[in-house]
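Just so it is clear, A, B, C, D, E, F, G and H label the chains in written order, and each chain counts residues from 1 on its own.
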Amino acid sequence: MTPAQVEALLAEVAAGQITPESALRRLRHLPFEELPFARVDHHRHLRQGQPEVVFCAGKTVPQVLTICERLAEHAGSFLGTRATEEMAAALRARFPEVEWNPLARTVHLPPRPSPRPPTGDILVVSAGTSDLPVAEEAAVSGIAFGHRVERLVDVGVAGIHRLLSEGERLSEADVLIVVAGMEGALPSVVGGLVRRPVIAVPTSVGYGASFGGLAALLAMLNSCAAGVTVVNIDNGFGAAAAASRILAQ
Amino acid sequence: MTPAQVEALLAEVAAGQITPESALRRLRHLPFEELPFARVDHHRHLRQGQPEVVFCAGKTVPQVLTICERLAEHAGSFLGTRATEEMAAALRARFPEVEWNPLARTVHLPPRPSPRPPTGDILVVSAGTSDLPVAEEAAVSGIAFGHRVERLVDVGVAGIHRLLSEGERLSEADVLIVVAGMEGALPSVVGGLVRRPVIAVPTSVGYGASFGGLAALLAMLNSCAAGVTVVNIDNGFGAAAAASRILAQ
Amino acid sequence: MTPAQVEALLAEVAAGQITPESALRRLRHLPFEELPFARVDHHRHLRQGQPEVVFCAGKTVPQVLTICERLAEHAGSFLGTRATEEMAAALRARFPEVEWNPLARTVHLPPRPSPRPPTGDILVVSAGTSDLPVAEEAAVSGIAFGHRVERLVDVGVAGIHRLLSEGERLSEADVLIVVAGMEGALPSVVGGLVRRPVIAVPTSVGYGASFGGLAALLAMLNSCAAGVTVVNIDNGFGAAAAASRILAQ
Amino acid sequence: MTPAQVEALLAEVAAGQITPESALRRLRHLPFEELPFARVDHHRHLRQGQPEVVFCAGKTVPQVLTICERLAEHAGSFLGTRATEEMAAALRARFPEVEWNPLARTVHLPPRPSPRPPTGDILVVSAGTSDLPVAEEAAVSGIAFGHRVERLVDVGVAGIHRLLSEGERLSEADVLIVVAGMEGALPSVVGGLVRRPVIAVPTSVGYGASFGGLAALLAMLNSCAAGVTVVNIDNGFGAAAAASRILAQ
Amino acid sequence: MTPAQVEALLAEVAAGQITPESALRRLRHLPFEELPFARVDHHRHLRQGQPEVVFCAGKTVPQVLTICERLAEHAGSFLGTRATEEMAAALRARFPEVEWNPLARTVHLPPRPSPRPPTGDILVVSAGTSDLPVAEEAAVSGIAFGHRVERLVDVGVAGIHRLLSEGERLSEADVLIVVAGMEGALPSVVGGLVRRPVIAVPTSVGYGASFGGLAALLAMLNSCAAGVTVVNIDNGFGAAAAASRILAQ
Amino acid sequence: MTPAQVEALLAEVAAGQITPESALRRLRHLPFEELPFARVDHHRHLRQGQPEVVFCAGKTVPQVLTICERLAEHAGSFLGTRATEEMAAALRARFPEVEWNPLARTVHLPPRPSPRPPTGDILVVSAGTSDLPVAEEAAVSGIAFGHRVERLVDVGVAGIHRLLSEGERLSEADVLIVVAGMEGALPSVVGGLVRRPVIAVPTSVGYGASFGGLAALLAMLNSCAAGVTVVNIDNGFGAAAAASRILAQ
Amino acid sequence: MTPAQVEALLAEVAAGQITPESALRRLRHLPFEELPFARVDHHRHLRQGQPEVVFCAGKTVPQVLTICERLAEHAGSFLGTRATEEMAAALRARFPEVEWNPLARTVHLPPRPSPRPPTGDILVVSAGTSDLPVAEEAAVSGIAFGHRVERLVDVGVAGIHRLLSEGERLSEADVLIVVAGMEGALPSVVGGLVRRPVIAVPTSVGYGASFGGLAALLAMLNSCAAGVTVVNIDNGFGAAAAASRILAQ
Amino acid sequence: MTPAQVEALLAEVAAGQITPESALRRLRHLPFEELPFARVDHHRHLRQGQPEVVFCAGKTVPQVLTICERLAEHAGSFLGTRATEEMAAALRARFPEVEWNPLARTVHLPPRPSPRPPTGDILVVSAGTSDLPVAEEAAVSGIAFGHRVERLVDVGVAGIHRLLSEGERLSEADVLIVVAGMEGALPSVVGGLVRRPVIAVPTSVGYGASFGGLAALLAMLNSCAAGVTVVNIDNGFGAAAAASRILAQ
């Protein structure tokens, strides 16, 4: 509700077209339903074909099922991350069209009909095969958010030529999500090769002084490639959400 | 040098138009000067009116002066971050048109003539007055990168209504840089209010269990607002560089 | 035993009403049973209808059963936290009136008859559904301590309007317990909205750079809302105990 | 502005008593000035004789002077924490009645006339002489917030009898602020002796494995005395603010 | 082998009583078998009735059995720490006289006949019931090292009078081992009450900001009671070994 | 592809011996296949009888089997580290000549025929029996890399004479890999005894303040023996790879 | 005041020999002056010729002077640690017989006449020359506590033979204080060579991954030599106090 | 002294050629002067033209001067690291031929005449200009140890082509010392390009989440390039010492 709309409402009251009581009712819900930025936010999903998202870790199978049923009913689609095989089976029994990606641990009910063609090119780059679950979570989420997604896998910095030979693909993407564990050096190298936004995702892959992904996280925060940004360890979904904020401009 | 250009070069050799030796000379420098993504990167600054950047911390005044002279000669402009007052004085003695921002600790020699009108709206939001140096570094850098920049200051989460009353400004920006120390909560709140990219900058403002900005950094990495990304503690410049990657699309 | 009481005792000795030996016996146990502050402490539970509390984690089922039997016999009631379902079953077989809250993981035997009507209004605010077990531990403990408890759930800072629309409930509570994991920003926002005591409880909810609740803990300790205090990670019971110290004034 | 007041305003519009434009003007500022909890918050200082507070660390002398002048003009009083001797001198030159406590590093301009008699008894307990600056910051702040404050000093746990001999004073306070560095054990002992709220303040006093107060902070968060709450390291002011929230009930 | 003994050996060679070769053989093993301090060390166990010790954690049942058989054969006794119930069963099947303490997780084969009466009084003080496994490991180890051991349990600092009422027992011990988790305050209080050596053992008991015993460890290292020393987290055995070094003087 | 080779290629184009198109094809793959350092790197394994290496942790049995089959086919040998017993069984069913070392958790298919006699003497020194799995991983890897390997076990610094008596073996090795957990002191002592390269491997052996090997890691990084280098916690394979880089000179 | 003494006092009351009032007065001060363990503690200094101790760091010169004057008056001696040269000068101007040790940063006023001959042999062993200030603080404190102290310097583990050649001195000491920074390995080696108590003192000597002494501290807590105990980083005084507790038996 | 030499000595005793007393005298000093590995170590410096090394940080100018005078007298040369300009001036006044490198903070007195031509090629690679002091410390130390040293500067991973264009120089070195701060990615990339030993040196260059070099240190320990080893943060000297151990084979 823009100031103009509030003034119009008040004019209606002044003109006796609506009662003060019903105006009050509308103004009352204003703080969280009607402010311009909030309302836009609230309706964004449907308008853009984006699914509501459920973080399944730590929830029971019935809880996940109930939440997803409500979302399917309300929004016509959903995306579940960190889902177990058991959750996936329960959801597919209920929604046969659910897409289960066991590597990414995602369950996705795409909207029917597809609301619009995908927009924007996301390239998900990952360093090692152990980083693939996080990379796939980013990729599946990016698709669910309505974007085109390509993958570039196994291009760790210890074999730098494999990465360099893909220069064209790197430079053609609109947004790059770069996933790496261990020393987390890949986003710095990629960030030096391209002009586009680079979102770095540290993974908990590693052992010993990896400290559950802390080594990669710190490396990425200290990247010498200016303008690389970072999300939480293993947060492939968050990287896709950030990419979608960029592409939805 | 695109594959087509290489093929053309080889055709010239085949046609006897250039000698193998001079072709070799050109191919030799290829890996770091001529690859499509690298060359673009190299020339980006001039084409887009962006300055070369010098991180002044830990350098001597003569070193900074020498580097900036070379950049001014080569690129016609420069941006220095983490500069001291002494460095600023030395640079202004040499380049009278240098802009010195003592709060941001930046020295900026803008290109003459200005290469193009600024593009994209960056909103730099900061939580407390002590966060201003970092916020200003982001703002000055954003301007130097060729963008429009607005500031929104002193909107900490403990006085949430001040932030909410600025909803319109928040939702109108193309990219938001959100700067906060202490508990680092501001990016989560802002990220929930807008659809646009939010780049969070933790600051080292605080004491005790702030641990030099670690508290704010961890809070931002764990943001419950999906798609918020994070740069290093106090890295206002890096946030502006990330914003510029987004806006330069 | 106040100084006046000690003097009275000594007067009885002087008057030959009790022997030095029996006076000695009473004085001997004085340090931990009879000092004014300690005795008050000791009898507080019965007088105020508060249960004795057992931290069940790391104990065997028989150990918990034995301890609770002794407490029931002695005090007529008990509260067990971090109880397992197996412990709950064993206790309910023995005390049919035990209340088992599987979400809070608490077992509570309320005193019969109820010693007095509950006093003071505690509002337990929680950010996400995963924070509910800790929030419920706080709520059940607050009730067991003899207070009125209300819940306000799922009001995370990324959807700030939901929280703001509850302003009245927030400002009507006597004490607020604010439970949040991830970035731990909620207590700062709530602390800025109300004048009453705010007790922040970080939870271990999250992953990666949450580091088992460290991120939320540090954020809460660095809260920019003056006067917010903090208890240990996941310590819903401790927050309720702190609230009870405030309300028992 | 309560719903009733909004309805009244709308009725005035409906009755043509005020124009829609002026109603809009009032509604516009509503989110941060007129919500019931916010407005109360905003006017609390004047009504209760509490000063506005300035955190002086990291500010220049002129900045502190300017801010304090505005506060004195607006609210008739102020409290500055973490002030330097130079700041104190500048403020006393401007406001002769400013009280400068060099141990607490506070500058306090009390309101004239004193708005009401002080309420509530705060006891500030400190472990060692090196903890005194933090304890004094808490004490001065508590007085500035309008409460009675007593001090109990040098009662470290290694000489437990000195503490125990003060049992009466401990049990008579309404709120206890317990300040300790090194191993941070004092709040646990005090918390076991009294029924009243205990706010623990870790200090950065110590060396080596004290890690700047981390040892004391962790100890206090793990206190075995149920219901002890904790504020940030060295945050004497925050402890007083928390005490004031409790006493202002 | 003292210098005198070496000289005697050389004199035998000079006198032709032994050959250079056999002298060489003896000198060769000198560095680790014959130096005065090393030999004494090597034979200490048998002479003093002390058992050889096996740290069972991470070993298989057959490995533990084999090692213990060799020790029993060689030294007539052994002490195993961190043993599982399965290890205990296997050892008792082989050595019926093995003493299995399931709380301490120790297996002890005492020497037969007992080599000498126990010496020195160790008092093992523990804060909470959850600290008992570590306290018992210390107690059993102290007995196995040939000392008298008494226990004082459940004397946490939140109920300080219970500890103070045991002043006599505290002051009568030759060495005190003080075991505590959570905030680790007990050794400081005990250290202030007695003149004798106090060995502090932090335990991993606790949750959240206990960080696996780190809070208690740091607290003990920062003890304000001068002369308290600390061993590793949960290292009851090490505390007993330190006590034995003191008592064996 | 050396510059000379590129020039030769270009000369062939100039002479019309090959077409520009086919020259382009060869140059295109140049960055990662033909650079002198990269090609050498690529062919090193076969030339030197070194196996390709698979880090098996976190992979499924079929994944490991598939990867090893491809390696066996391509290179005639492989080395798998962090293998489970189940993986070993599957691989031995497929390749009867696979060597399974359950202590080191390695599976090794040696090349047939053996490509050359082993070179260089690696001595793997380990402190305690619990460090053996890591020491064995280093030993098996060293053998697989084509070197002679000897072991020196159970020479912890608390029994320093056992280590000193092995001075000759220590000083005869070409490279020493020193494996230790707990306080990680062994590499410093060994580094002071020998002139040769010492590679320190911290292990996660220990408990409490070992923090998963952090204590040993920090100790080794701070070694007072100049020139000791360190690899990641538990990284026996990495130490062998470093030794092989030294010996392959 | 023993139970017998309390009974005697009560008998005097019963016999009318003293009034209840004066008995009350005596009993009142009992908790901290008269309990057997506390009184002993209080008078220990004078009886044993031990000085009162002042931790000078963070105190002003006048504060140190005032405290020391009171101690000299009351106890006839004092020991100040972490003193500055300025403090030493002020104290020597006031007490010409004060002993100032600039390396140890100690000021010591020995009692006159010396109360008794020193008892017990403390050997202070230090690894490097940079560890000497801490080692000297331990040595001077040990002397001030009334013990014989010898030093063994520069016997780091990287030159192990220098240490081993001092085997006799090591094995003759009653208590060993072992001071080391960097990797902190020395106490483990010494602990393996002697049977006597070994008190390890980590120092903050080092840089980088020493993290202010953390590396040495962790190493010492993880010592493989059973029975080594540890005090805080740089706490030479604490180690001497612990040694004195052992020797005062 | 080899076993053969000891046997020969004993034979001389048996033959009456030397007395038992003088044999004893020689055997007595054996543990630290005569063992084969120790003696070799002791004389290594002179034989190989290597200087004795002084770590100057934390020493006074007179201390450094005294130590260096003794070394010059004894060994004819010395190397001082972490020297201040004042130390350098004092040393050059005394030894005019001392070489002072202000960037590396080293003072070097080369032996006269030079004992032998340098051996082995060390390549010191550094990422940024701020890493140069550490890189220079490594380079100067490598030269002082008697090796040829080349530098490759400013080849950070964000501009990967600059590094790749130096492939030949990288692959020609015998040992590579790779110095990098911030994200510490350079050793992984270099380690993937060359077969030779790579010694990684993290630097404390950076700010914020660099945590004094911790980020770079962890990254290097987690390097995905097998066989990269790591030394302490900023330890350029240690890297050169490790390189010298490798080259001195």
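Here, a contact is a pair of C-beta atoms (placed from the backbone, for glycine too) under 8 Å apart; a residue touches a chain by one contact, two chains touch by 3 or more.
Computed from a prediction, not measured in an experiment: that's the story for all the values here.
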item: Target subunit G, source subunit D, minimum contact steps; value: 1
item: Chains contacting each of subunit C and subunit D, listed by label; value: A, B, E, G
item: Length of the shortest touching-chain route, subunit D through to subunit H; value: 2
item: Angle, in degrees to the nearest 5, of the Cα rotation that carries subunit A onto subunit B; value: 180
item: Subunit E and subunit F, separation of their C-alpha mean positions in angstrom; value: 39
item: Centroid spacing, where centroids are CA-atom means, of subunit C and subunit H in whole angstrom; value: 60
item: Euclidean distance of C-alpha centroids - subunit F vs subunit G, Å; value: 50
item: Subunit B, residues touching no fewer than two other chains; value: 31, 35, 38, 159-160, 164, 192-193, 208-210, 214, 217, 221-222, 226, 232-233
item: Every chain pair meeting the contact rule; value: A-B, A-C, A-D, A-F, A-H, B-C, B-D, B-F, B-H, C-D, C-E, C-G, D-E, D-G, E-F, E-G, E-H, F-G, F-H, G-H
item: Subunit G contact footprint on subunit C (complex, rising order); value: 3, 6-7, 10-11, 13-14, 16, 19-21, 23-24, 27-28, 31
item: Sites on subunit G touched by subunit F in the complex; value: 127-128, 156-160, 164, 181-185, 188-189, 191-193, 206, 208-211, 214-216, 218-226
item: Residues of subunit E defined as touching subunit F within the complex; value: 29, 31-33, 35, 38, 57-59, 202, 204, 212-214, 217, 232-235
item: Residue ranges of subunit A touching subunit F (in the complex, touch as defined); value: 129-130, 159-162, 164-165, 205, 207-210
item: Subunit A-touching residues of subunit B, taken from the complex the two chains share; value: 31, 35-38, 40-41, 44, 53, 164, 167-168, 170-171, 174, 192-199, 217, 221-222, 226-233, 237-239, 241-246, 248-249
